[in-house]
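Sharing a structure here in structure tokens format.
For reference, chains read A, B, C and D in written order, and residue numbers begin at 1 within each chain.
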Amino acid sequence: MTQRLLTVRDLNVRYGKVEAVYKASLTVDRGTIVSVIGPNGAGKSTLLNAIMGVQPSRGCVEFCGSDIGRVSIERRVAMGLCLVPETRELFAQMTVEDNLELGAFTCHRRGDKGIRENMKGVYSLFPRLEQRRTQFAGSLSGGERQMLALGRALMSRPTLLMLDEPSLGLAPLIVKEILHTISDLRSTGVSILLIEQNARAALQISDYGYVLENGEIALEGASADLAGNPRVIESYLGMGGV
Amino acid sequence: MKQVITGICLAASMAMVTAAQADITIGVNVSSTGPAASLGMAEKNAISLGPTVIAGQKVKYVIYDDATDTTNAVQNVKRLISEAKVDVIVGPTTSPTSKAVTDTVAESKTPMIQLSPGITASSDDPKRRWIFNAPPADAVYADALIKHMVKKGIKTVSVIAVDDAYGENCTVAYRKLADQKGIKTLTVEKYKRADTSATAQVLKAMQGNPDAVYIASSGTPGALPHVALIERGYKGKIYQSGGSANAEFLRVGGKALEGSFMLGSPLLAAEQFPDKYPAKKESLEFVKLYEARFGARNFFASLSWNALKIVEAAVPKALKVAKPGTEQFRAALRDAIEGTKGLKGAGTVFTMTKSDHTGINQLGMCVLKIENGKWKLEDHAEF
Amino acid sequence: MIRRGGFMLFLTLLALLPLFSSYYITMGSYIGLYSIVSLGLVLLTGVARLTSFGQAAFMGVAAYTTAILTVKFGCSPWLTLLIAMALTTAIAFLLGAITLRMGGHYLPLATIAWGISLYFLFGTVPALGGSTGISDVSALTFFGRELRDEKLFYYLIWIVCLATLWVSTNLLDSREGRAIRALRGGVSMVESFGASGHRLKNIVFIYSALLACLAGWLYAHMMRFVNPSPFGLSQGIEFLFMIVIGGPFSLWGAIAGAAVITLLKTLLQGILPKLISQTGNFEIIVFGIMTVMVLQWLKGGIWSLVEHRLPPKPAKPVNDTSSLAQRVQPARRESLLKVDGVTKAYGGLLAVKKMSFELSAGEIVGLIGPNGAGKSTMFNLISGELPLTSGKIHFGTENISSLRSPQIARRGLSRTFQHVRLIPGMTVLENVMIGSYLRTRDGLLAAGLRLNQATENQVRAEAARQLRRVGLADSMLIHAGNLSLGKQRIVEIARALCADPLLLLLDEPAAGLRYLEKQELATLLSELREQGLSVLIVEHDMEFLMNLVDRIVVMEFGEKLAEGLPCDIRSNPAVLEAYLGGV
Amino acid sequence: MDLQTVLILAQDGLTNGAIYLLLAVALILVFGVTRIVLIPQGEFVSYGALTLASLQLGVMPGTVWLLLIMASIAAVMETFRLVSSEAVRQLPVTLATILIPPAAIALLAKMCIPLHLALGWQVLLTMLIVTPIGPLVYRVAFRPLADATVLVLLIAAVAVHFVLVGLGLLFFGAEGVRTPPFSDAHLTLGTLSVSGQSLWVYAASFILISLLAWFFSRTLYGKALRAVAFNRNGARLVGISPHLAGTYSFALAAAIGCLSGVMIAPITTVYYDSGFLIGLKGFIGAIVGGMASYPIAAAGALMVGILESYSSFWLSGYKDVIVFAAIIPILLWRSLMSVHYEEEE
């Protein structure tokens, strides 16, 4: 039995006079991984930012059945929506552990005292973070930063985790590791909305996929179907077009 | 376009016409805010006790605050002269503001009784012809101070002055006389009204063990170095200038002030003066009036009160010459004020001459000692 | 017409004011003086996005200079004006040199400190008259006649004020002025056209200080008395309130602000004591609250309400006769850009590792790679915005590795930006004119006195020509912010072309463009190549580059992955892997 | 100058320096979290001193009225905001959180004043009255400007400074106050005698600094404030509201300012406008620390205190000129140290 977690309808985002995202609609069901792929500049990050509330937008965003269009970012976090942005936005001058702890800020405000346990969970997921507990986040390598960003996001016990290019700038081996982890997260009950340029990888681990081009949803379908679609592959080498 | 210009001209002529009435208008410009606020506030209070009718003429007061700023002072005085068409001006409070308005007053030929000592005016100086002073000149203060110091056998003095015009003027007047009388000034230290500490200045002043320390400041700031002197264990005599002569100062200074000397107006200890003191009755009268309305008596309040007294005495003479609101009346009023003789005010007696527009001698000055948080008459001039 | 009429009405009012009482003359004179100071502050705050609390202190410098020199040394006031201006320039230059390289809040903080220390200095130094001040400052003399009448002085002040208004307007509308206005698009944008951001900021600061100096000098001779109190910090702050409330983005806002604050102060000093039983300078409460409210709700200040109702200013005509000198483009195939083993490290992280490639004249080369591959870093290394860690970059035959972006721009390299950096409030034409910064030499003096009209016309014509070249002739007079992103990118190209470059650097020009817009852009670039221009494009959209460029350099992880003809690159397995990825 | 003088001057400078240090720390905190250069910091100092003095005289301090007025304005603004964003449901709770605490504090003050409590309780009451003014100032003046540039925030801060000074004059009048010292004891170390009040200042500064250090390094809220200072976007993404952080940092700044005021009130005469210069000297410390580094700022603040003390001794008239002119070499040094810094909008 599936349950709707996130519904986005006719979302528009403008930068001044420019429409960066135009009438985008998508849904995420509980317990699934949904990927959004598309060339750079297609508006993928803008889409995630709009869903998170970082970017002002017009249209309808429903999360867990309630309209969150006018809700502040902080409240969205408290509701269980969490974004790992492309830029990671770690607290570089603070330790790994402090970063993780702050990830649980909203849980703490709600009165949840399980921060320690939560952190254990994250450490078991990324043992390397535990080794670097007392290091500053700024001194970590690219892969470790990505792990920390993921770990920090998981500390807030999100219902829906939105990941913006988790493989960006990482060596292939680490990309593999991270994507495996993401795929495993599904079993812990976290739903994921994933944005990737690395289309093949994204479609491999996701259940459903959307192709975003020039700010519009150009294609959608089950990931397996999309992965086999020659147009999808071509569009990344620039032969597809609209 | 033409209509607009005509409209403006009409409005202009309307504005010209409205100001003609026969009442006496007294313009007041004091610093009731800014650094000199504690002085100006008291001066303003006393104005509200002033007469409402003089020689059968209604008196109208127009009061402005210049925030201890020279630009504002000039603006206010011009406004008093050209808008309110005042017959006489009382104020400003400080010597910079008084200096700033000197030209304006001279050009408009309006008599002004200023509440700051600073400039000593006389008829010989065309610019200062129209200016009179309500407080005693700095030299009168210095004279009383030095006399008392000589009496007490003081040979060396350090000065701690607040860093404003008042402190400067006091220091200059003091040094002039002290040098003449052979009193040696060890050092002159400065501090700011809002300073958090005067310890360093006090240490410097205490070097060479002066017989006395003279603190030149107006209002409550005088307490800061005084307290620091006591804290640092200074055992010599401490003199406070006349500017600190108000109740607030006694409150802020507290216990530390005990036994120190202060220059001041006889007003402050009017009850303790012998009955033969010429202005005793007038002083007590003012004290009664003022204390009923505003609390403790205040030297600065007496300045504006005395200024009004001078005007009150001069108006009848001037009325014989011309009607209020005219240039002739202002000129006559100026002459009448210059002719003030033996006028008894709160804590002083005025006798003006052509060369002396202050008109206050040692009768307007005494030395007080602070005992039990009160002023005790220590020394006064002969009368 | 309304503008002209309004101005005439204003002048008439000014001329007639002295018919009222002498008090109005004083008020009018103060408003004029404060307007002069505020004009400078508008340039500093509204245009250059800097600010100063020390304008009153600069007034004080001039007032005291003239007071001392005229009273103690009997100098002519006209000589003291020059001395005061020299002194002000020196002080402003020093303060600017120290603070302007750091964050924007350091200048105001420094001016607070300097304003306070100068105020105390005035009050302490016995030679400066101490707190009591200096009286009997000599009157101004005109042809042997002393200017003592306050009416005449009032007219003098307003003549000076209107003259500074005129000069300031001219300055803003000149080569340097445009660059100063462009500072809000980021220093790197202005520097990419060869202007030094630091120098421009310093110019504005000195100019505003000089206006304050002029006002201070007038003040001293009007009052004929100086003492520290009018030059304190709170007066400096009041000037800032004037322009914030009046309108920081318009020169007229300065005059409006000076008038409103001065009149309101007088009004409040009359009213407030009646409302509040105590006396006090409580108008500062009102001013403070007004300022916060204006900042919150009416960013353009009072003047923006007026400006809103006025018709737009008529555009200046473009008369296309004379033209600016042009560079000789190098011969085709000649090596134009040579990147040799360039490395850029951020701490331990290598953003660019030993990159080497070449570009010949008349070529379009594409630099591609997935996101985060180090393309933009490479780009900024070439344009001089970032210093290199090691390696060499040659432009033509010259080694430019250690040069900064204005110097590189001077050698004929022009660029666009990944995020479009146009000034939305300026017209497209004016935006493009910024590009020609290095091609003319007009100084500030010529600009202020409007002696630069010949070159201005040339520049305008050149900008118009470039806009026609890129096909945007119709949009010339539109505000740049009203164009679509695609057109804005093309305006950026026109602006870069206006610098008459040898090499054009384009940073992701196709990002965010629609399909048709991309095609138009590709056509435009091909045409430019036909005209002999060389182009380096950083892009990740391979489709866009395939049919356009001559060669492609592919980057990944800061390193060169492949280099070659577009068709070879497309079938290169390493490139395919990098772009498509896999697990 | 003998050794004893040297020591006394150092001690005097340190006492003032300790106060400047506290203020510098508050300034850096607020700047980091909100990008506001808190020019009105000094007003909390004078409010603290003047409020305590009023309580001692048994008069209702004007700051209580200020608190109530500000709370009402904040309530009106909040109502307006919630109504216009169609979130009327939150209105009762929001209004209650804004209005009830100030009202309760006012009531408490009214009840306590006739009792003539001991000094310690009066200090506590003073802190209770002045501290909430900080968050209210943030709510009313700065929160609507949250997206503005540093420059606009600075101008707003100066405007708020004007308003608060004006209100200080309105509520407390132009005269200065001096409160009795916390203790009359003197500590004698050899020839140097240190007043009890100075010891109080040292102790209180030390305790406060330690508390702050603990707060920032050990508690989640302290870390959250630091996180906002380091990375605003990152902080929002983990659910830390910048408004909440702004509110906390202003509360801390007001509390620190108020405490500083309470501590200097027995040493010096405090006027309604005294705070400004004191605050600015804290600023010089903060600038030494580049508005970012707490330890360097602390050292800078102490240096300002010492410089002030010694220059008062040698050149008393030029003391403030020297202290404020010292900022020029400091800025020069910072400018040379800093790598090319550019502020993009």
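By definition in this document, contacts are C-beta pairs under 8 Å (C-beta built on N, C-alpha and C of every residue); 3 or more make two chains touch, one makes a residue touch a chain.
The structure displayed is predicted, hence computed values, not measured ones.
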Quiz prompt | Contacts common to subunit A and subunit B (chain labels) | solution = C, D
Exercise. Please list the single chain whose C-alpha centre lies closest to the global protein C-alpha centre.
Key: D
Quiz prompt | Distance between chain centroids, defined by C-alpha means - subunit A, subunit D (Å) | solution = 41
Quiz item: Which whole number of Å gives the spacing of the CA centres of subunit B and subunit D?
Solution: 37
Quiz item: Cα centroid separation between subunit B and subunit C, in whole Å?
Solution: 52
Quiz prompt | Multi-chain contact sites of subunit D, meaning residues that touch two or more partners | solution = 169, 174, 277, 317, 320
Quiz item: Which residues belonging to subunit A are in contact with no fewer than two other chains?
Solution: none
Practice problem: Would you mind listing the residues of subunit B that make contact with two or more other chains? | Solution: 33, 37, 41, 163, 190, 192
Quiz item: Name the touching chain pairs, please: which are they?
Solution: A-C, A-D, B-C, B-D, C-D
Quiz item: Okay, in this complex, where on subunit A does subunit C touch?
Solution: 15-18, 20, 39-41, 43, 86, 142, 165, 167-169, 171, 175-176, 179, 197-201, 204-205, 214, 233, 236-242
Quiz prompt | Touching residues (chain side subunit B, partner subunit D) in the complex | solution = 33, 37-38, 41, 163, 189-201, 203-204, 207, 219-221, 223-224, 227, 231-232, 248, 252-254
Practice problem: Going by the contact rule at the top, pick out the subunit A residues touching subunit D in the complex. | Solution: 52, 54, 70, 72-74, 77-78, 82-83, 85, 87-94, 98, 101-103, 105-106, 108-109, 152, 155-156
Self-check item: subunit B-facing residues of subunit D, complex
Solution: 5, 8-9, 12, 15-16, 19, 169, 174-178, 195, 264, 267-269, 271, 273-274, 276-278, 308-313, 316-317, 319-320
Quiz item: How about subunit B: which of its residues touch subunit C in the complex?
Solution: 1, 4-5, 8-9, 12, 15-16, 32-34, 37, 41, 44, 63-65, 67-71, 74-75, 78-79, 81-83, 95-96, 99-100, 102-103, 108, 118, 163-165, 167-169, 190, 192
